[in-house]
Structure formats: structure tokens, C-alpha cells
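The structure appears below as C-alpha cells.
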Amino acid sequence: MDDESKIDAAALVRFRPTSAENGKVRATRFLGLCKSCGECIVKCPVQAISWDPKELGQLSEPAIVIDIEKCIGCEICEQICPDHAIEITRKPAVKKAN
Amino acid sequence: MPDAIANPQAATHAFPKCVRIESKPHLYCPGCGHPEVLKALGFAIDELGIQQRVAFGIDIGCSLLAWDYFNLDTVETHHGRTIPTMAGVKRSNTDAVAIAYVGDGGAYAIGAGGLLNAAVRDEKILVIVVNNALYAMTGGQESPTTPPGMKVATAPKGADQYYIRAPEVIRSVNPSAFVARGITTVQPALRQLMKAALQHQMDGKGFAFIEVLSQCPLNWGTMGEPEKTFNFLEHGLAEVFPVKRY
Amino acid sequence: MAEKKFLMGNEAIGRAARAAGARAMFGYPITPSCEIMHFWAGEASSDRGKEDRLVFTQAEDEAGAGFMLIGSVLTGTRAFTATAGPGHVIIQDAFSMAEAMRLPIVAFVMQRGGPSTSTVIYSQSEVTLACFGGNGNGYRVVYSPATVQELYDYGIKVFNVAWKHRFPTILLGDGYLAKMMAEVELYDPSERGIVMEPTEAYILERTRARRLEDVVPSPEIHIRHADGVEYACLRNCLNLEEEALAVNTEIKAAFEAAAPEIEEHETYGDASAPTLIIAHGTVSAAAKTAIDGLREKGVAARLFRPITLNPFPADALREAVAGAKRVFVPESADGQLARIVAHALCGRAPAPFVEYSRPSMGILPEEIEMLVLDAK
Amino acid sequence: MQDAFNIVVSGEGGQGVLSIAKIIATAAWLQGKQAIYLPSFSTEKRGGVSMAFARVGDAPIRFPRFQKADMCVALSQRALERLRRYLKDDSVLIVNSFLVKDVSAFAAWKPRLVDATTIANEKLKKPRTFNMVIMGAMLRFIPGLTVGGFDKALEKQFASKYAKDPALKELNDKAFGLGYELAA
Amino acid sequence: MAEKKFLMGNEAIGRAARAAGARAMFGYPITPSCEIMHFWAGEASSDRGKEDRLVFTQAEDEAGAGFMLIGSVLTGTRAFTATAGPGHVIIQDAFSMAEAMRLPIVAFVMQRGGPSTSTVIYSQSEVTLACFGGNGNGYRVVYSPATVQELYDYGIKVFNVAWKHRFPTILLGDGYLAKMMAEVELYDPSERGIVMEPTEAYILERTRARRLEDVVPSPEIHIRHADGVEYACLRNCLNLEEEALAVNTEIKAAFEAAAPEIEEHETYGDASAPTLIIAHGTVSAAAKTAIDGLREKGVAARLFRPITLNPFPADALREAVAGAKRVFVPESADGQLARIVAHALCGRAPAPFVEYSRPSMGILPEEIEMLVLDAK
Amino acid sequence: MPDAIANPQAATHAFPKCVRIESKPHLYCPGCGHPEVLKALGFAIDELGIQQRVAFGIDIGCSLLAWDYFNLDTVETHHGRTIPTMAGVKRSNTDAVAIAYVGDGGAYAIGAGGLLNAAVRDEKILVIVVNNALYAMTGGQESPTTPPGMKVATAPKGADQYYIRAPEVIRSVNPSAFVARGITTVQPALRQLMKAALQHQMDGKGFAFIEVLSQCPLNWGTMGEPEKTFNFLEHGLAEVFPVKRY
Amino acid sequence: MDDESKIDAAALVRFRPTSAENGKVRATRFLGLCKSCGECIVKCPVQAISWDPKELGQLSEPAIVIDIEKCIGCEICEQICPDHAIEITRKPAVKKAN
Amino acid sequence: MQDAFNIVVSGEGGQGVLSIAKIIATAAWLQGKQAIYLPSFSTEKRGGVSMAFARVGDAPIRFPRFQKADMCVALSQRALERLRRYLKDDSVLIVNSFLVKDVSAFAAWKPRLVDATTIANEKLKKPRTFNMVIMGAMLRFIPGLTVGGFDKALEKQFASKYAKDPALKELNDKAFGLGYELAA
């Protein structure tokens, strides 16, 4: 895991991670980082992302939520997010490579 | 989900390793393009393993909000003066990987003479210009890249006709420089550009220049409307400023 | 080995920088300072200069030169620039950053006529600019040499003062000194027991002899650790009034602490003479000759010459003024030294002193004699 | 000597701290009061704590700042800390309790906890209208200001936005009213 | 018709320029002055502004703005710029040309923290720069307003002073004044009997009301005639020390001649109070409130407020100081007003005054009260 | 011969009419290119009959020696600042024919930002750059147009590789500007360029830019050797900097 | 002659004009203006110009002299001269045109 | 008090005024004297009057300028006027009489008329060597300077030119000798 950033406990509290997964993909949102800009929503090629009806992001506006069943793991949302608020992990391939 | 929380040293690839976790959430507005540029740069630095060699110079402008984005040796300079500062760093410490991170105002208005002459002198530094087509930090004034007709604080009826296409200009004074234009919304390509440009410097090849088209929802008046933001970025701007390697 | 040469002032400066072990110069040509740059360009392109990894870059303008200089100093390089007049105005942009962050840049400034382009010949009109230029509350060390030999002596010293105390340091010469030729004794600092103050990088330095936090004002320095490595972040853009106050207060405290060690002055003539002349630089040289002349005429006069204009030897001046009946302040500027003197003496001098301002003009010994004699 | 009613509002950059103080001061002036508004802005649009001052009174006001405030409004935890130096014995302290979770150190001032975000989110479905809720609550405590005068100020401030989107006016008015009621 | 509005200081300035009949603005954005520019950009692009042939150009930097401004003034246009902090440093390049050639440029400078980028909030740290910036011996008129209303009043006046006396004229505000909103009474100058001083071109003008030779220092102006047409040549590059001296001497003489008409100050409080506070601008407003507060506490104090920092009302100050037992100089800068005061009082004040320097920080009325009370 | 002397109001066409006879001989060195540029400009002004409309701005550099060359309203500005000064003149007096006369150092080093942005803003002025490939007035230092290998005071072993070709740069930011490069030794063509560029301004068409390759025998070290001077001018320089309309 | 510059008496003394002519061309040298740079010598297409063995120019160095018999009146020397020290007049054509 | 022998040379820009004073001062220093040289240069390389000062003595010299000169050298008519203020009763005045035609106003100083240009032109066929002729003439009057010492200074000054063109040395020496003889 040496190619990944370490997150300490304090940061985890701040970041408020929450994950969901399907067979191939694990999607983690960091609610405490999401600034509710909506860029991921626009860029997701399969419209898997929408506003979370309950959870608020960093600025007390609605966070996003990923419909994990629709998600194809393309990572575009992770890439576009200006706030590092999404992490997409393609499960078997990526994990085993290391 | 809670596995991450359970592990006090959890890991994530949402961040480049050279990013400073303690300072997140960072200081940029929602939807700002700056951190997308920084992210691409961070991954390139990671891939090249040069975190300890980088001298990261940041201009006054929203660039300065990057002051605690990374764990990198970082220096805020004056508005428009980051390019000469980094040239001075590199000339004196040839091991350094010197990066000047500047806005379009800092690079093409007040810093235009410095940029052009750094290119002519073939300074062995990487200049990254975040082109959001206006002066963001000071409240949305016209910059030399504001496209014709765009309404900004100092051109309320719309900006005038001409603008600077900097890669074209740089190329005309420096045939061997690394010159490219990227865009925030195509991250894999942007990361590749960053990496190649840094490699250019590390190989001792001279000047490297990347302009990145970047969104400023706050001053574009598109905050909360990402479709509009991207529409202006990917059409309004990218059609005027071609995204490519030169 | 010390040797005597007949040299132009600008060349004496170039040789001083070399003797001091300076490694880099960044500049933009301007009369009357150009030959400093020509000398360094020659050194840097020579075989010996290449061995010593000398750096020379001609910038696109003085702003470029000043900020390249800052970049160089950030890497722990003993580096300098040279400029004058309108260039000195433009380079304040960089000086103000250096003074905020306490970067030990060195500048050789050869004064010319002002304001505006004016003459390229001579003046003492850049005293205010050198001491107090920039957007306020900054501190620089400013030396005012009086002979070509002093260009060499202080041309070495400025590097040590800059790096020891971490303040921008200016050798404030003038066009006469820059362009005249005179005998200079060149020496290696070590021959005189001068130990060159070590330099140290502000960035890309992993082990430090001196903590950056002890140098850079606290709101402007942020040290980070990651994977056991220390990274430095230097800022100059602040968010709170309190931060700006802290920066100003810390810089001032550091300057005041260093001042007693830096302040330098010289006196000349009969210590009991009731006539006191306060003059600096080239005018102080004329004043000495005037004092000799007055002595021949049976008039006793003495000189107080501040060698450092900043920090200003105020205590020494107050002492010198104590016994004086008449005080004259001749200068080739419009009351610039006079304002500094006034600040040092206000409330402590019984009567106003006589300002003799000859902006942008040389002042001859005979003129100073007349000044004293006329006032009798 | 107290020449004005002094208000300080603090919060995170981007929360609208400056608008709150500005609207309050403008409203007061439109009602025939003397007023001064001063933002304490930083370069860090979003990331830093920002602060804004409003002074309202009957006699001309010379100076824009003050040592102690009659009313302190905190929109974030960090901001609350920054306000401590402005508090005097009888200061009114209002916090957005959704964003300021811990007021234990400020018990002496009996902070008015206004859960403006939740109200805005749940009752109006627009969490960002919490500013209006806060202003409604503030109005209760500022001597001599009326709801009517306030309305005028709001219309002035948002004239162009209201023209484009008349629904916004309704929303704002509603939010404002909710806050005003809450502080009753 | 006069009307009251609740305005931001920067907008009050923009409206003052408009009321004064200014036609052109050239600037580069910098906080806290930006809204002056935004206002003017709006005016210039409006139909009314087009009718009035208003000019607005955003320059590439402050050097560009300053020299465009010079070009505009050369054509006899009432023109101005606005800047602050680091921009104020850079624009000295142009100011030094304007002061050498006596070009009546007008600048609105809104002080922010210094040195370097620092804060964008507030300070009084650009006093030295405004009064004495440039490469020496120049003269500018500098006003220090204390309220938003004064931004408007003096925002009109600066144009008249500049064009009547032909000196660069600066309205030196600060971030508080720039960004605060307050009530302002707007009026047309003519309503108040203010006659706008006519402007006149330095070039491309064939019939002149005022001879250029009576304005521009003699070595810098050369009038030619060919085929009965007069052509003007303005220079700033000189060949002889004597020419530079002549320029300096003529500028100084003109400034000193105009000074009595320009100098302005205000006093407040009981004229016989033994405690004197010398303060300018925003701090003087705080001082007034402090004096009221002290009075309530039974302590008599008074204020001397220089409204013009240059020319400095030295005679008036000397009179004010005469009866004072204790003198305080509070300022949001590191001894900048203090140096000006020292020059005015040196040899004329029995004891040193108390400097209260809070660089880049606001000074509250309560602080000034304490200062006085603590010293009792 | 003596007929001229006999006639106190003798006439000559060796001088443009707008030239100031009283100040001749002028201040330039023997063989200097500057007066050849001035002469061409003078004839163009004569032909257009605009002597009374011209605002002639001259930069610090050997340009300033033109201060009494003409009977024209003339203003010396600061080094590198003539372009913004003339832009200010023209914006405020649209009847003026504003000319900025600048050296290569003044235009491409310290004034590069001003030049580039004036072109972007399409300022309606004529910029004449006298390119003698070095800083003449201050004693022959390197400029952004010093060709590779040329030995100058600040590059005693020869100037480095790259240089600015300004017309190319100007054209890239301003498609409608008048852009050309002339040379002192082809006077009829130079006069035509001057005239056309002035006409461009008078027609309200926007920015006009002429670079003129010009000799500096003093600092080139070719004083008294005109063959060498012209050889360097017409081959050394003109082969690097093409003489043409853009 | 309105398209020509007027030269006053003082200037004529300073300029020291001296003319020579052949059938078609009149060549005037202004000795007092000639700075002896030699550029006209290099540029004359028919090598009609050389150093004057007797006359000195403005800087006390030899002035140039034009061999009027060789001169074809091309005006190149007049054009190139940086010091306005040569005037070439093609006699019939030019004179009559006015 | 006279601490040095003071020399001022004046002429038109480009005539070599500065070199004359510089060579004199260097020559004096090479002969073990104390010396100072100061050019008074202007931006106008060619067109203006330039002036240069040399001071030569036995004791250290503090200041580069002086009020009155022991020797004044004029290379043009305008330059002669500029020298007037430096003349004292016993000043030696040397003029290049080819270039300075009217010395009537300076008769009191019995100017030494050296027709250096004609000599250089006619005897050496190089009018520009007149500087050497002038220096030769000057040497006669400067106390304590020898021809030998002078030669050394010249060789130093022209080292690189002499290396390229040995004939130049001969020419210069000849010109210098002519001047020296002339002033005998």
C-alpha cells in the first residue's frame, strides 16, 4: 500500500468516509470533504451520482451519493473531484497487482 | 465503511502521497479548478518520486491558496514574480525541481515580461499557468485570456477582441521547450503532461510550460451550476485555447 | 595575498564579492553600476568561475533580478545584485518581500540623480529609498562607504552581516565611487581574520544549523513533517491584522537586537570642537578635507559620519551632538540624511541643525568650509 | 461611552458573514439610523475565518471598529473562538447551533442556539438560506430596527437576483420570518 | 443636487472622481482598492459615460497603469489611478517621472499591511512611500482622509490641487475606509462653490493659458517653434549635475511656494489640554472618540491631525506642541508619521514624544485612552 | 557650392521637413542606425502631413538621443515605459498620432509585458522598435535579440541560443495589427512601412508595430569599419530576423 | 520648394555645404555634418565615393568626396547617410516636376 | 591646502576625453604616485560635452573632485567655456587649437595652443591620434611624471589593441613624442 496516502485518525474524523461496494467496485465518499459542487454528478458517464437526500457535506449543503449498482468504476468522479472526496477502487485487479 | 475509521493509518489513493492531509479540506471554493491542477501535479510528483527535490513557488492569486496543499518545500512570492524566483532557485541549486505555479493574470499580465524572457533564456524550470480567464482572487477582473465578450468586473459590457495564446508565444521564442495546454476535466492527460514536463526538467532539457484551462465557478457566476461551468470551460474556453501538446 | 591595484570602484565591488565567496549575481544593467555586472559576467564565464560554479544571469528587468536573487538566496547561496536610480525604485518590489521574510539578499546600489531618469553621474538621493523603501515597516541594513577602498572592505562585510543577521543588506555607494579609479588594497578575508558567515538554505534543506522559525517571522513560516522529512513553507500573504502586527513586531525586535552589533560610525577632527558636521559617504570624505582646511584657518570643526545609515548610530550621534554649538548636515540630497538625524535628535537637541541640501550635486570641501565660515 | 450598538459576525469564508453584517447596517441606515459596516476580509475566500462589523446608532459614528460588541454571531466553531475577545458581560451571543456544537466555554453568555441550517434544510430545502434565519434571529435584539425596514434592505441587496427569480424573495422572506420567530 | 447615500468608501471615491469631472482612469486591480476600478469600469461602459467620453483601461500591471496615466495627463486629461500595497511600490516608477516633470497625476491609495503582500485589510504603513517614494528629492501632495465623507470631499479636491499646483497628488486612504460603508453626502462641486481648476495639455497644445516653462523644471522642458507652430519637448534624462540640481531646486521652490495654500490640519479637544495626540487618517477618528472618552474620565486631551501629510503643516504643529506637556503619536505603522513629526519638531521640542506604533493594525479609541492614562 | 550659403533660407531634401535643423549635427555616433530610422519616420510624417498631430514618445536608451531630432511634440519616458505612456496619450486624445520609439531592450526585456499587452488590447498606437541586438546606451549588454554566439559585455563568451522574434509574437496575439520588420539600409522600403503603419493608426485600425534592424557600430566594435557593420546587420541579423511584412 | 526643409544661415555655416554637378546630378556634401562613418562609401553602387584627402568632417576626421563623373544619381548615399550630410538632386526631372 | 595636482580635461563626447584623464592617472599611479581618476559622463555619448578629472599627488587623496585645477585641457570650443570655472591664476591651459579657434577670452592664462589635429593628420595621417599629441604636451607640466612611466601606462591601456596591431604602438609613441616636444 506504499503508493497510497496515509490518513491519520484526526483526518478520518474530519473526512467522514463512507463506502459502498458492488462486485467489482468499492466507492468511498468522504462526506467531510465534499463541498457539494456537483462536478462529479455532471461527469459520471452513467449518471450514477446524485445529491444525497440526507447527508450534508463540508459546507452543510447536501453531499453526493453514488448508486453503486450503476457504477462501472471508471474513476472519472474520483479524478474530477476537486476535494478528494471520492475514492473508487476496482477490487480484484487493483488489489492484486500490488 | 467503518473499516477506514477503525484503522488509524488508513490509506487512500484519492490523494497524491505528497499532499498534506492535515490541511484538508483545502482552501479552495467548491468546484474550483485549481485543486484539480494541483492533484494532477501531485500524482506526477509521486510517480517520479521527487517529493524531496521539488521547490514549489506559488504566485499571489488563488494560487496562493495552495500554500499548505502539499508537503513540499513551498514559497509564496509576489504577484507575477514566481517565474524569476524559481529561475533563481534552479540556477543556484541545479538538483532542485523548480515549479512556478501561477494564474493567468500573474503570468500574462504583470508577469508577461518575466515569462517571455524566462522562455528566451531557456530557464530549466516548469511553469504551470492556471488559466481561469480572469483575476479570481481579486474579484473577477479581465485578464489577457478573458475571451471576447465575457462579462467581467472590469468589462461589464464584455471583454474585447484579443487574448494571449501563451503556448503559441512560448513556442515561437523557444523551439526546444516543453509546451502544452491541458484542461482540468481530462485528468489522466493532465497527469501525463505534468509528468513529462517534470521529466523534461529533470533531464536538463530546459524550459517547460503547461497552461491548464481551469474553472472559477465563483467569478464565472456559475457556482452551484456545474453544467454551466463545464460548458464554458470545455467550449467557451477550449475552443479558443486548444488543448494539446505544442 | 594582499596586493594593491588601481581600480574602478565598480570593479573593486566585483572583486569584493568574489573575495567574500559570493556565488551568484542577478542584475539588470544601469549606469553607473554596470561594470559590477560586466566584471561578474567575465568571472562567471572564465574557467576559474566555472570551477567555482559561479552563477550570472542578466534578468529582464530589476524586478526579475530581485526575485531571481531571492530564489538564489532561498537555496542558501551567497548572492547579490547591483542597481541604481530608477532600477533601485523597481527592485523595491523584491526588497519588500526579502525584508518581510528576512532573506539576506545583498545589493550594491550606486546612487545617481533623481527623481526620474535624471543624471547618471552622482547623488546621495537614494538614502530614503534604500533605508525605508517598500510598502512599509521593513528593515534593511544600509552601509554608506566613502572611498573605493571601503567599497572593497564593506563589499565583503555586507555578505557577513546579511547572513548573520538575516536582513537585506545594501551597500549604498554613488556614481563617483562607482566610476572613479583609485588605489585599492585587495586581500583575502581570511588574511584579516574575517571568517565568512556560513549560509544556509531556506528550502530543500533537511538538516539545519539554525531553525528557520528563529529567523522567519512566525506567521510566515510553516514547517511540516512527513515520513520523517521536514518541509518548509514560506508565506508573505497574511489573513489577519494580528499576523501582520506579529510579523512587524518580530522583524523590528530582531533588527533592534542586532543593531548594536551592526551600527558603525566614524568621527574626525578635534573632539572638543563646537562645530559638528554630520555627513555620510562621499560627502564625509569632502568634509574631512574641509575640516583640515578649517583647521589651517584656525577654525575647529569635527565630523560625525554614520557608516551605517540603518541601523543608525543614534546613541553615538546624541553623544557627539551633546557638546556641539552648531551642527551642519551637508548632503547631496534633499534633506534625506537630515530626516534621519532629526528622528535621532528630536527632543534631544536644543536647536535646529543647519541642513545644506545639494540634491544630485557633488559637494566640494571648499563648499563645506564656506558653510561653516559663513555661519560664524 | 457607547456611541452605537456594536455587532460582530464571524464564520467561515464563503458562509456569507459579510452579507449578514452589510444587510444589517444597510437596513439600519434605510430606517434613518446612523450606521457603519466594515468587513474584515482575507485573501482566503473559503478557507479562513472571516469577520464583519456593523455599528448602528442615532448619532454619527466616527470609527468602524470597537473593542466590545453588543451582539456576537458565530457561524462556526472556530469563529466562536475568535469572537471571545469581543464579548462583554451583557453581549448577546447567537450561534448557528448546527455548525457550532460546543458552546460550553461560553455558557456565561447564555448563547442563543439557532439551528438555522436544519431549519433551512428541513423547512425550506435550501440549507444555504440559513443566513436569513440568522438575520431574522438577530433582528430581535438590535434596538430600533423594524421588520419592515429590514425588508426594504433585503430588496435592495437582492434586487437583481429577485428580478431573475421571484421565488427567491419568497424563500428568503420565509427564512427570515422563521428566524425572527425562533428568537422570540 | 446633494443627496445622502449609504456607500462603500471605494464607491465614494469613484463618485468623487466623476463629480470632479475626471475623464480617465488607468489601473490594475488590487485589494482593497478594486471597487474604485469596478465603479469606473461601470461608468465608462454606460451610455452616460460614453457620452462623456470617459476612458477606462485596465493595464498589464501598476507600471503600465502609472505610465498610461502619465500619457493621459500629458494630453490635459483629468485622470487618476487607484492602488495599494505592493502595487503602490511598483507604481513609484511612474510617480517619480511625474514628480520630476510636475505632471498632475492623481492616485487613490488604500493602505494595506506591509511589507510584502501581507494583509489586504488595513494599515497606515504606506505614509513614507506615498510622501517620499521614488528615487529621491521628489514632491507629492498627500492627503490623509479620516471618514468616508472625506473620501468624497478630498476625492474632489485632489484633482484641483493637482492641476492648480501641478504636483502628483495622492489621497492616502486605508482598507477600513475603502471597504467600509457609511453615509456620504454626494454633491456637485459647483453647489458648494467649488470651481474645478482647468486642465491643460502638455503636448499637442498650440495655445496655452499657462506657459509650460512656468511649470516644468527648466532643464526638462524645451519649447521649439517651426513655421509659427510651438512644439514641446519634455525630458527627464539629464546630462549635468547642475541640471539635476536645477530640477530639484525648482521643484522644491514651487512646492514650498504652494505649501501654505495646501497645508491643512484639524484640531479637536480643549486647546489648553496639556496632553496632545498627533494622529492622522483613521487613527485620528479613533483619537477623537478617545478624547471624548478621556473627557468623561476627567482627563483633558487634544488632537492635532495633519490632513495633508505632505506638505506637512509643520508651523501649525509647532504652535500646537508649544503648550503641550506630553505628546503621543499613535499610528498603524512603524514610526512613519513619527519621523515626519520629528523632522518638524527637531530642535523645537523640549522632550521626545511617545511613539505608539501598531504597524498594520487598527488602533481602537480605548487603546488611545489607555495610552494616555497609563502615561499619567 | 556657395549658392546655398548665399541664400539664408536655403532648402534641402536631405532632411525631412519635420526635422529640427537647429539641433544638427545630432547626438548619435558616427554610422549609427538610429538616425536612419528617424529619417525614414520623418519623411513618412512629412508625406502624411501630420507633423502637428504627432505625439512622439521616446524610451530611455539611445532612443532618447532623439529628444531634439524633430520639431514634434516629444516626451522622454522611462526605460521600457514608452508604450503604456503613448497608449495613455492616444486613449485620451484620439486625434493624436501616437508613436512609441523604443530600443530592443526597452521593448523586449523590461517593456515586454507592456508591449505584449498593448498588442492584446489593440492600442491604437505605432510602436517602432530599433533592434540593434544589444543595450547600446549602457555599454553593450545582452538583449533578448542578441543573436546566438555574439560577444557582448554580459556574455563575453557569446550570447546563448534563443531570442525573441517580436513580429511573430505580436501577430500571434493580434491578427489585425500592422506588423512588419524593416532594416536601416533599405530606406525606401522603410519609409513605406512607416507611412503605412501611421496610416493604419490614422484609419483607426489599431495596433501597429515595426521592428527595424539597426546598426550600433560603437557597441558592435565595428566603428570605422562600415563593411563589417553592414555585414553583421544584413547577414548576421537579417538572416535571423527576417525583414518583411507580417 | 515647399516640400523641402529650410536651412537658416547659422545652420549653413555649421553644415558647410559644398556641391558638385554633372549634367544630370548635383551632389551636395555637408562637410560639417559628415561624421566620417564611411557608410555611403560602402553603399554607393558605382564606387563613386571615397575619403576626401583634404577636407575634414564634423569630428576632424576626413570627410567623404563624391566623384561626380562616376555618380549615377541613385540617391543611395543620401538615403543611407545617418547624418544628412549628402544631398543628391537629379537635375532636370526633379526640378521641373514642381 | 593643496593635496594634489588637479587636472581637468574637457571635450566633445567621443573625442576620448575620458581616456586622456584615465591614462594620466593610471600612469601616475604606476609611477608610485597617489592618484584618482573620475569621469563625468553623460548619457549623450557623442553629442554632449564630457569632462574628466585626474588628481595626482604624494599623499593619499580622499575626494575625487576639486574646485580649481592646476591644468585644464580643452578639446573643443564649448568645452573651453565649461572649463572657465576651474581656472585659477596659475592654471596651465592647453587647447587643441585646431578645434578651439577662439581663445581670446582666456588670454590671461596664456593658453598653450597645440594644433594636435593638424599634426596628427599631416605628420601621422591619422587625425584621431591627436589625443596622444595632447597627452604628450600635458606630460610636460605634471610634476613628477616621467616619459618612461607613461609608456608603461599606455602599454597597459592598449595592451589588447597593441597585440593585434603592433603598428599602432609605434604610431601612438610617435604622436606622444610629437606632443611632448611641442610643449617643450
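By letter and in written order, the chains are A, B, C, D, E, F, G and H; residue numbering begins at 1 in each of them.
As a convention for this text, contacts are C-beta pairs under 8 Å (C-beta built on N, C-alpha and C of every residue); 3 or more make two chains touch, one makes a residue touch a chain.
Treat the numbers as computed from the prediction; the structure is a model and nothing was measured.
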{"item": "Between chain C and chain F, the fewest steps along chains that touch one another", "value": "1"}
{"item": "Neighbouring chains shared between chain G and chain H, ordered by label", "value": "F"}
{"item": "Starting at chain E, fewest touch steps before arriving at chain H", "value": "1"}
{"item": "Chain A and chain E: spacing of chain centres that average the CA atoms, whole Å", "value": "55"}
{"item": "Between chain F and chain G, centroid-to-centroid distance (C-alpha), Å", "value": "24"}
{"item": "Between chain D and chain H, centroid-to-centroid distance (C-alpha), Å", "value": "82"}
{"item": "Touching two or more other chains - residues of chain C", "value": "31, 60-61, 63, 86, 93, 97, 116-117, 119, 121, 236-237, 239-241, 362"}
{"item": "Residues of chain F whose C-beta touches two or more other chains", "value": "22, 25-26, 28-30, 60, 64, 76, 78, 109-110, 112-114, 116-117, 121, 144"}
{"item": "Residue list for chain G, restricted to those that touch at least two other chains", "value": "59"}
{"item": "Pairwise chain contacts under the document criterion", "value": "A-B, A-D, B-C, B-D, B-E, B-F, C-D, C-E, C-F, C-H, D-E, E-F, E-H, F-G, F-H, G-H"}
{"item": "Footprint of chain C on chain B - complex, ascending", "value": "18, 20, 22, 51-53, 55, 57, 60, 64, 67-68, 71-78, 81-82, 84-93, 95-96, 98, 113-114, 116-118, 121"}
{"item": "Residues of chain F defined as touching chain H within the complex", "value": "25-30, 62, 64-65, 137, 218"}
{"item": "Chain A to chain B touching residues, read off their complex", "value": "1, 3-15, 17-20, 28, 30, 32-33, 35-39, 41-43, 58-59, 78-87, 89"}
{"item": "Residues of chain F touching chain B in the complex", "value": "108-114, 116-117, 119-122, 144, 160-165, 168-169, 172-175"}
{"item": "In the complex, chain C residues that touch chain H", "value": "6, 31-32, 119-121, 147, 176, 179-183, 282, 285-286, 288-289, 292-293, 296, 362, 364-366"}
